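The two complexes that follow have subunit A in common; it is paired with subunit B in the first and with subunit C in the second.
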Partner chain A sequence: MIKRSKIQTAIVYSSAILLGLVLLCPVLWLFIMSVSSTKDLTTLPLSWIPADISFNNYISLIGDFDSTSAESFLYALRNSLIVAISATVLSLSVAIPAAYSLSRLPGKRRSSLLFIAIATFMMPPVALVLPLYSAMASLGLLNTHIALIAVYCGVLVPFTTWLLKSNFDAIPIDLDEAPLIDGANRLQIIWYITLPIAKPALGAAALMAVLMAWDEFFYALLFTNDIRAKTLPVAIADFAAGRVADYGLISAAGILATIPPVSMAYFLQKSLVSGLMSGSVKG
Partner chain B sequence: MVRFTKATTAWLLLTPMMTIIIGVVGYPLIKTVYYSFTAAHLASPATTDRWVGFKNYIKALGNSKFLDSIENTAYFVSVSVSAEIIIGVLVALLLNQAFKGRTLLRALLILPLALPTVVNAMMWRLIYGPDFGALNALLTQVGLLAEYQSWLGDPDLALWMVAIADIWKNFPLVALITLAALQTISKDLIEAATLDGANTWQRFWTVVFPAIVAPVSVALVLRTIEAFKVFDIIYVMTRGGPANSTKTVSFHVYQEAFAYMRIGSGASYALIVVLISALLIATYLWLIKKQGNTT
Partner chain C sequence: MTALSLKNINKSFGDIRVIQNINLDIKPGEFVVFVGPSGCGKSTLLRMIAGLEDISSGEFWIGDRRADQLPASERDIAMVFQSYALYPHMTLAENIGFPLRLAKLPKDQINNKVQEIASILQLEHLLDRKPGQISGGQRQRVAIGRSLARDPKVILLDEPLSNLDAALRLEMRIELAKLHKQLEATMIYVTHDQVEAMTLADRIVILNNGEIAQIGSPLELYQTPINTFVAEFIGSPKMNLFPASVNEKKSQKKSIQIIGSNDEFAVDTNQHPPQELQTGNQIQVGIRPEHLVPSDTGKIKGTVTSTEQLGSDTYIYFDSDTIKQAVARINGVASIRPGENICFAVAHEHYHLFTSKGNRIKPTVL
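Then we have the complex of A and B:
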């Protein structure tokens, strides 16, 4: 074992404390703002601990159904949930057979599809947004969930296909042989053999997909215009751009929008890390 | 029962994916190329047929505002990505040491990553606030700053401040990727190097560096591709201001197409952006292909 000198230990611990503060303080301050009164936040010099703590901002966002801020926030929450979950489920059901095919039934022309898929989800959205906008407009789909779900699938399908393909590659191909001889078809093999083994990878792919859909802003900003379809990022950008700068209310909306993705990410920490890894280490 | 050949089965299983890629990506991309040669206007559908040849491209490449936005983007990308890589690698080296609270710190790295981008932008905008912001309060209270600054209102500072918000959110990604690579280095190798008389610096260059260089370069390209697309954080924090100092290419295309409704020229801007992205993406694919062959 390599022993550290006292100075090295001191450096390690002081950098660790610094890192902890850097990671935690901005979010902690966001939380403090969310429970402070506007008066406390607009007094100089700024006091770091508010004189009175109240959860009124949270109540006016999710408790008081008559307020306009609650209306826009709760609808946005609903829209975000519908869009993120539908896009994820749809993408996975398309990506699973595709990933299986690329992993188990390789072919020269098909393998270039994988690279097309990777290039696809990295494409800047500005390259696609204009035709997509006019197409959605002529189909009458602007300001609907369907428009966002369809567009998000364009990113999530290639992304999850790629993620799952590299994970399916790690499952021994022999497992498919016996049922094939017994007359099972490929869909049955995917359902009964591959998916049960690939559960952790499936979890990672689903988590990444939900986080990406939850976070998306560009298309959501352009394709939605009222509470029927606006998602949380758009609603929060609206709050932040509002004429009345209600710092506490904006912060509370931010904290509430953060709770679902952060708790999911913590709960599935291992999946998240493995999802990020396979995206960066393997092709 | 019908039995398909292997190749037919393979293509059948790929069909839904290909349909979606063609429908939501392939077709729009071709349509964007078409638009870029027309004088299409958002408000009047008839204009999509008005062919103008290369006029949009010639105008785009001579438009100083567009060229400025490319410069701003390049500036933003180089500042934030290089800081993310340096801080990320340093943090990974730290978290690879044994100390109390390491697990907690590792878990905390997830916080900026999972925080929605728009919330991150809004949070930093409040922190930078010119009248009641926490940054001004902190710096004046510890005596580093004489009077309150308008961090996002100063054209010389704004892009840096936006970059800091981006760095805070994304250095944990680099740290996690590097940490995973560090943990694959066997303890024996490090001990052997130590017994051979290698000091910390030599150990880093001979043992640690070769193990992390491939994943870190992949992270570098990945972050560059992402940072190049930057839009949401700009939209929420500055809307491209002050004096266009934070206007990036994505924001420029957005304004051209949706504020001025000039789809034709917007499309030509977008395709110039795609061309630059394509070079970055090709680099990325080349890197992972190379890595896939060696591991």
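Then we have the complex of A and C:
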């Protein structure tokens, strides 16, 4: 390994600290806002440390079940969980065999299929939303979980397929042929060999899929209209849409909404660290 | 132990024919080595036997069962890959036991079999490790162990030793030969290393451009190569090919003279197809480096260009009038310097005669 001089080390560390600050400052400010009183948030100049700290905003979101804000927040949380997890599970269960087939099986038409799938992923949502809306309306699916899950799968399947395919491509073909000779069929190869080796990629794909579904706003805003199907981004926006925007409440909802994906990332980080490939082929 | 039979096997990728008209019968328990330069189709042929590549036309039989349409998993063939292809997320025990797990054997039975194989291959103390934590030679043993798990009828080995260093390769070569005796399994071994082929094989199949050039025991190939390709491929350093002419001699005999030398010898044309030894024809005379003996009265002359001292042998490279970089192999240390003139004598029974196109003219010499 090349030894770094002290100046180089200092530059590396200060850049890392700067990056950390840039990334964490908004989150920190969001948290400060969530525990500040409305008075502190409307007095100029704003101060980093609020005069009185209270967790009332959190209580009114998740503690006080009778308040309307708690009702809309908790329903939105439930809807978001259902939609994000279902969309992720469904799209991964399609993307895994699809990615395997695109990566491993012969045939020229397969690769063009992947390009078409990627192309749909590139289309701006605005171009698709009107036909989708009328389709959902005539199917009677507006304001249901199914509508959002279906739309999100349409976005996630091409994305996760592409992500997994490029990871499956990196697995040596010998690791497909050896189990074939050992007596495995294709599904057994995927289950016993490909997926365990591609675990980091699988974790990354699942995480990205959950995040995309969790954060999606545009379709959720248009396809849902009450607490039966509204997801968190829409519900949080609703808090700002009233006559008076309660910034503390919005911030508290924002902080709470980040907890599920952040904790998921925390638990998946082990599987995200790769290094499993060493020693499988050659020396 | 099972016999294998390949009948008129062909393989094409699009318009390119990579395997052409292969006919080969492999006896039960035989150790057959496919050898040839890179791109000759030897690995493709092995993969066709394994079921990893389709056979474009022809028949493939395993024992008395036609197998060219059988999927790889049903052929009861095991294969050791050049890259080892160990499963990186499984322990060595799980790697070796994987084929048995797929066959849904009970756990204790799998364990017993894994222990048995591990003791044959001296891997008992490593069974809990993962492939990333062991050396190249040990990985090679695990790969062989996995291929033994199902007691397969046939074991295919695709350049299994090519990733090992020279000392380990020698060791594994001896172990493989031992293992073959012990298991009595039919083995097909692909290599580009003619030393491995010569030392391991019961029979060698030499492939060139997707066709079988010659099949035979190692010594058959060495002593009676069917054409100049085989002659140059088997033996190290490779055989020297000198241009020669056919001259008329009295009493129905002809003589062959290596061009540029006064080395002339008689052949009985009654035993030869006359069109190959017509007077005035150009032919080639092959002489193995070890048969060139330095001698002051020798008739093959040249100028030494370089020498290689191997301790046990000395390789002398020389230019003659007609060929550049001919090579002679002399036992022990020879004190010959580049630039010196040198003469070699050759016993006539060591001549190999080939037509100008490279096919053997037999029998060789009177």
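Note that the second predicted complex is superposed on the first by the 225 of 283 C-alpha atoms of A that agree within 3 Å, B and C clash if a C-alpha of one lies under 4 Å from a C-alpha of the other, contacts with A are read in each partner's own complex, and residues count from 1 in each chain.
Keep this in mind: a contact is a pair of C-beta atoms (placed from the backbone, for glycine too) under 8 Å apart; a residue touches a chain by one contact, two chains touch by 3 or more.
Keep in mind that what you see is a predicted model, and the values were worked out from it rather than measured.
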item: Touched partner set for A:265, first subunit B, second subunit C, both or neither; value: first
item: Contacts of A:112 with subunit B and subunit C, given as first, second, both or neither; value: neither
item: Which superposed partner A:197 touches (first subunit B, second subunit C, both, neither); value: second
item: Subunit B versus subunit C as contact partner of A:174, first or second or both or neither; value: second
item: Superposed model, subunit A: greater residue contact from subunit B or subunit C; value: B
item: Touched partner set for A:182, first subunit B, second subunit C, both or neither; value: second
item: Touched partner set for A:54, first subunit B, second subunit C, both or neither; value: neither
item: Partner chain(s) touched by A:16 [first = subunit B, second = subunit C, both, neither]; value: first
item: Touched partner set for A:225, first subunit B, second subunit C, both or neither; value: neither
item: Set intersection of subunit A contacts, subunit C complex versus subunit B complex; value: 183, 276-277, 279-283
item: Residues on subunit B engaged by subunit A in the complex (per definition of touch); value: 1, 6-7, 9-11, 13-14, 16-18, 20-21, 23-25, 27-29, 31-32, 35, 45, 91, 94, 97, 99, 101-102, 104-105, 107-119, 122-127, 129, 131-132, 134, 137, 140-141, 168, 172-173, 176-177, 180-181, 190-191, 194, 215, 218-219, 222, 225, 228-229, 231-232, 235-236, 249-250, 253-254, 257-258, 263, 266-267, 269-271, 273-274, 277-278, 281, 284-285, 288-289, 291-292, 295
item: Residues of subunit C that touch subunit A when the two form their complex; value: 50-52, 72-73, 77-79, 81, 83-89, 98-99, 102-103, 130-136, 139, 146, 150, 163
item: Contact footprint of subunit B on subunit A as seen in their complex; value: 2, 4, 9, 12-13, 15-16, 19-20, 22-24, 26-27, 29-30, 33, 41-42, 44-46, 48, 94-95, 97-98, 100-102, 105, 107, 110, 113, 115-120, 122-132, 134-135, 150-151, 153-154, 157-158, 161, 183, 186, 211, 214-215, 217-218, 221-222, 232-233, 236-237, 239-240, 247, 250-251, 254, 257-258, 261-262, 264-266, 269, 272-273, 276-277, 279-283
item: Residue numbers on subunit A that touch subunit C, as the complex places them; value: 172, 174-175, 177-185, 188, 192-193, 196-197, 199, 276-283
